[in-house]
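All remarks here apply to the structure that follows.
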Amino acid sequence: MNGQRREGRFFEDFEIGQIIEHRYARTITEGDTAAYMTLTGDRFPAYCDREFAQRLGFRREIVNDLLVFNIVYGKSVPDISINALAHLGFADVEFEAPVYAGDTLRAVTHIIGKKEDSAGDAGTLYIHTRGLNQDRKTVVHFFRWMSIRKRDTATRTNEDEVLSFPRTADPARLFVPEDLRNAGVWSALETAPTFESYEPGQRIYHGPGLMIEEGESALATGLYQFTGAPYSDAFAATDRAADGRVVCGAHVISLARAASFNGFEGVVRILAWNSGVYPNPVYAGDTMYAFTDVLDTMPIAGRDDLGVLRLRLVAVKNEDPRGKVLKLEPHDEMNARGPYDATVVLDLDYYVLIGKDGVFGE
Amino acid sequence: MNGQRREGRFFEDFEIGQIIEHRYARTITEGDTAAYMTLTGDRFPAYCDREFAQRLGFRREIVNDLLVFNIVYGKSVPDISINALAHLGFADVEFEAPVYAGDTLRAVTHIIGKKEDSAGDAGTLYIHTRGLNQDRKTVVHFFRWMSIRKRDTATRTNEDEVLSFPRTADPARLFVPEDLRNAGVWSALETAPTFESYEPGQRIYHGPGLMIEEGESALATGLYQFTGAPYSDAFAATDRAADGRVVCGAHVISLARAASFNGFEGVVRILAWNSGVYPNPVYAGDTMYAFTDVLDTMPIAGRDDLGVLRLRLVAVKNEDPRGKVLKLEPHDEMNARGPYDATVVLDLDYYVLIGKDGVFGE
Amino acid sequence: MNGQRREGRFFEDFEIGQIIEHRYARTITEGDTAAYMTLTGDRFPAYCDREFAQRLGFRREIVNDLLVFNIVYGKSVPDISINALAHLGFADVEFEAPVYAGDTLRAVTHIIGKKEDSAGDAGTLYIHTRGLNQDRKTVVHFFRWMSIRKRDTATRTNEDEVLSFPRTADPARLFVPEDLRNAGVWSALETAPTFESYEPGQRIYHGPGLMIEEGESALATGLYQFTGAPYSDAFAATDRAADGRVVCGAHVISLARAASFNGFEGVVRILAWNSGVYPNPVYAGDTMYAFTDVLDTMPIAGRDDLGVLRLRLVAVKNEDPRGKVLKLEPHDEMNARGPYDATVVLDLDYYVLIGKDGVFGE
């Protein structure tokens, strides 16, 4: 056994082109889905209503896309980010094959870029991670970059190469299964909002604030099998832990997305993210508020029953954003840490699938 | 999309005779059952012991009646009680078809009464909600009333009509499946209490107090997919939140019922409630104590293997009720908010099914 | 109904030779497994990776050995330890038939020893508990002793007899199913540690500290269906509750074992414990650190694909043990409460199964 593996890799331990097959897989069960709902209150029906999911053409209810994302992400943590100082960004996160309870997920990561910091004590690592099911079909893949500690801060590596990668998802490639259909699921119901309900420029607030408790983050990191000192160790001497218990980003994004059900009840699933950042940390005891800006409404070539919305989901802490003017990075550069207000804790630019009006299926 | 749906309906938005089919269903899984046990510590064997349940004649372990109730109730919240000021009462809650993991539940509500408050800023809404499984069989139905905000407090509606509805369950109609049997389940075991162990007038205390933690209520409302500001928003300017985090009533009743296992180990399931009220709120950090008064012991026509107990389950907070005299509303008027002691947090009048002595099945 | 059952048995209510069949069984589901992972962050692959488990020869992923242990233990609590003052020790805990989701577990306890305290107000009770699945196969069995209150402290019983029982597990009898194999599971993967990676005398630290939150213990005792005042009642006048909320030992051991994944990633399952003690209590808010001393590495007769490690898992609270000298009881006498440092909260001497190098299966 080498100590490196136990301590996690440092910046010097990665090289561009390297492929890391993460050792441990995870079988997702109905229990994981229930734990996710319990932690987040998520209510989107494709994830919890078997009848709804089956009428759309899924085999049964699908596993929440963000639970899939968080678990695939978690599989990479022991090999990638034990020595991460900060998560910096995600780009081009694409969801593909739906995941069902009983599927076994594993992850593979390609190292695509390294850039040593000018101070020499750390560097930015760029990776591409792919999550696969037991049939080796891709369920999600994404680009991610983060700041990683150097093992030897006295020796410069002078590394500064990042392979080209997309900063946003390509709307033309969004994964919409051919056998998915809008079989009148919405039209048959009273007033669920459809594709036609939205237009660019709308801002929709997602209900009351949500206080994040001590303990929630520990449960979330347990469910996702994350490991990492700042989330759990009150005695760890990191700046991040100085103000209290840092809530893991996976829980922040999951809570904000669950809150977005208020106003987007008709959404089927997430297709892709362009980008996602956590401009400021959330601590246990903070109250989180979320809203969505509708960025675009997009038809799907060859389909008159389903459409795509491009949305920007923003979460702020400890003040209700209604009626306030927030300083938000322009979304086309949002991957950089920018001039956000100190209250902004999440900025997610993403695509969702939604049914269209007046389509009655078989 | 109309704003009304997002903000929730106000008192003026309901009319007597209206039928609301709640849009979202929920597939209950083994995961939900495990989350419920984790949150409540429930130990009644029909819900967690497959062998016990099958010997009684159930297909397998059934889903906890209160989990079914809480989920059906939760399905109605977005359409009914987003603008509720206070829950006032339940009456004639009847449990019918047992629910199994994998069943998909939906809910339908009839509006049966409206009574504007004399102050004009709110009114009492009376409803009847029915929960159905995927075969459209009723799993639970109940009457409920609550105080709802008016949209326009300056304009009187002068509404004051409540359709007639039962204030208690009818013991003659309690749902006992014909294929359910007491196949010597209890008699074969050491000393589990049976129907014959109880008599009217007994008071049974349910063990130690139970401290309710920060975070429990948030997890419970996540599991039940409730939405509502007072449970989660530390910054919400409501009186109810002034003293701390209000614990949702569904968690209060679930914890008290789970505690009642100590003393009622032989109970199979809940058949019905006559009524249920939360006279005072519970806050995170409170310690809850529960006891049961046996109100009646009732045979079932044509059955010598099973009987019914009528019980009054009372929960108090922050003082052990043993040896104390509590001011409790007479139970025949208990639906009204009455002269309860400030420590009383639950008063539930309900019927349970229990096995009789000395019956040895096939 | 007798009051004794409700209050729990006292020291006088047990007799040597008595066999208590615990009344209530429990069907373990995928939901329980997910709740356990959420509470502990456990990542050992035999418990959560169906492909890994099946390649080893299991039918599917097995239920975590400690979840099985905790649930079997919990089944005995109402009949045995309602009036326990302190848990004193475990010895010869042996895990046998693997448990799968859907199995129904029940427990039987033999009373094997009683020793009245010299003060006369309590006594030590010695028991042997066996957990069985629905096919009546043993899944775990163990010896345990604890201090139990006397009902009548004024009357001496002068009892002092303890039947002979093993203080450690017999390595020659460790349960390794014949159809279990190391089908190249580890060798095919990058660098997972194998049997050959360890040698006696190694000390391996298990990563960052883990802060235990308010509420975690309540959830754990809910999942395991424990009952007991010190874990839940802030108003209970027991010494144990004086410093805050005591975390149940089952949660302490589960968290420490989950943390031990860092350094023992290749372990398949727990085979047996020699002994386990909780020298000092853990309170909500404490931060726990764990490390393992490798005590022995042992071949298995007739098997060249799998081996056994004897490990000592130690957990301490509120100070990082790295570089510190801890006062630890010699492990051959560790069942007694000994001269441990006040920070030591767990001392577990146990055997695990692990794959050997270079074995490629079919």
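A, B and C are the chain letters, set down in written order, and residue numbers restart from 1 in every chain.
Simple rule for what comes next: a contact is a pair of C-beta atoms (placed from the backbone, for glycine too) under 8 Å apart; a residue touches a chain by one contact, two chains touch by 3 or more.
Note that the structure is a prediction, hence the values are computed from the model and not measured.
Asks: Since subunit A and subunit B are copies of the same chain sequence, what is the angle of the rotation superposing the Cα atoms of one on the other, rounded to the nearest 5°?
Replies: Going from subunit A to subunit B via C-alpha fit gives 120 degrees.
Asks: Tell me whether subunit B and subunit C, two copies of the same sequence, contact each other through the same residue numbers or different ones, using over half shared as the line for same.
Replies: Mostly different residues: under half of the interface numbers shared.
Asks: Averaged over CA atoms, how far is the centre of subunit B from the centre of subunit C? Could you give it in whole Å?
Replies: 36
Asks: Residues of subunit C that touch two or more other chains: which are they?
Replies: 29-32, 34-35, 39, 101, 213-215 - these are the residues of subunit C that touch more than one other chain.
Asks: Considering the complex alone, what residue numbers of subunit A touch subunit B?
Replies: Of all residues in subunit A, those touching subunit B are 29-35, 37-43, 45, 48-52, 61, 101, 189-193, 197-198, 204, 207-211, 213-216, 262-263, 265, 287, 318-320.
Asks: In their complex, what parts of subunit A are in touch with subunit C?
Replies: Within the complex, subunit A touches subunit C at residues 1-2, 5-6, 20-21, 23-27, 29-32, 34-35, 39, 101-102, 104, 134, 213-215, 218-219, 221-223, 225-229, 232-236, 245.
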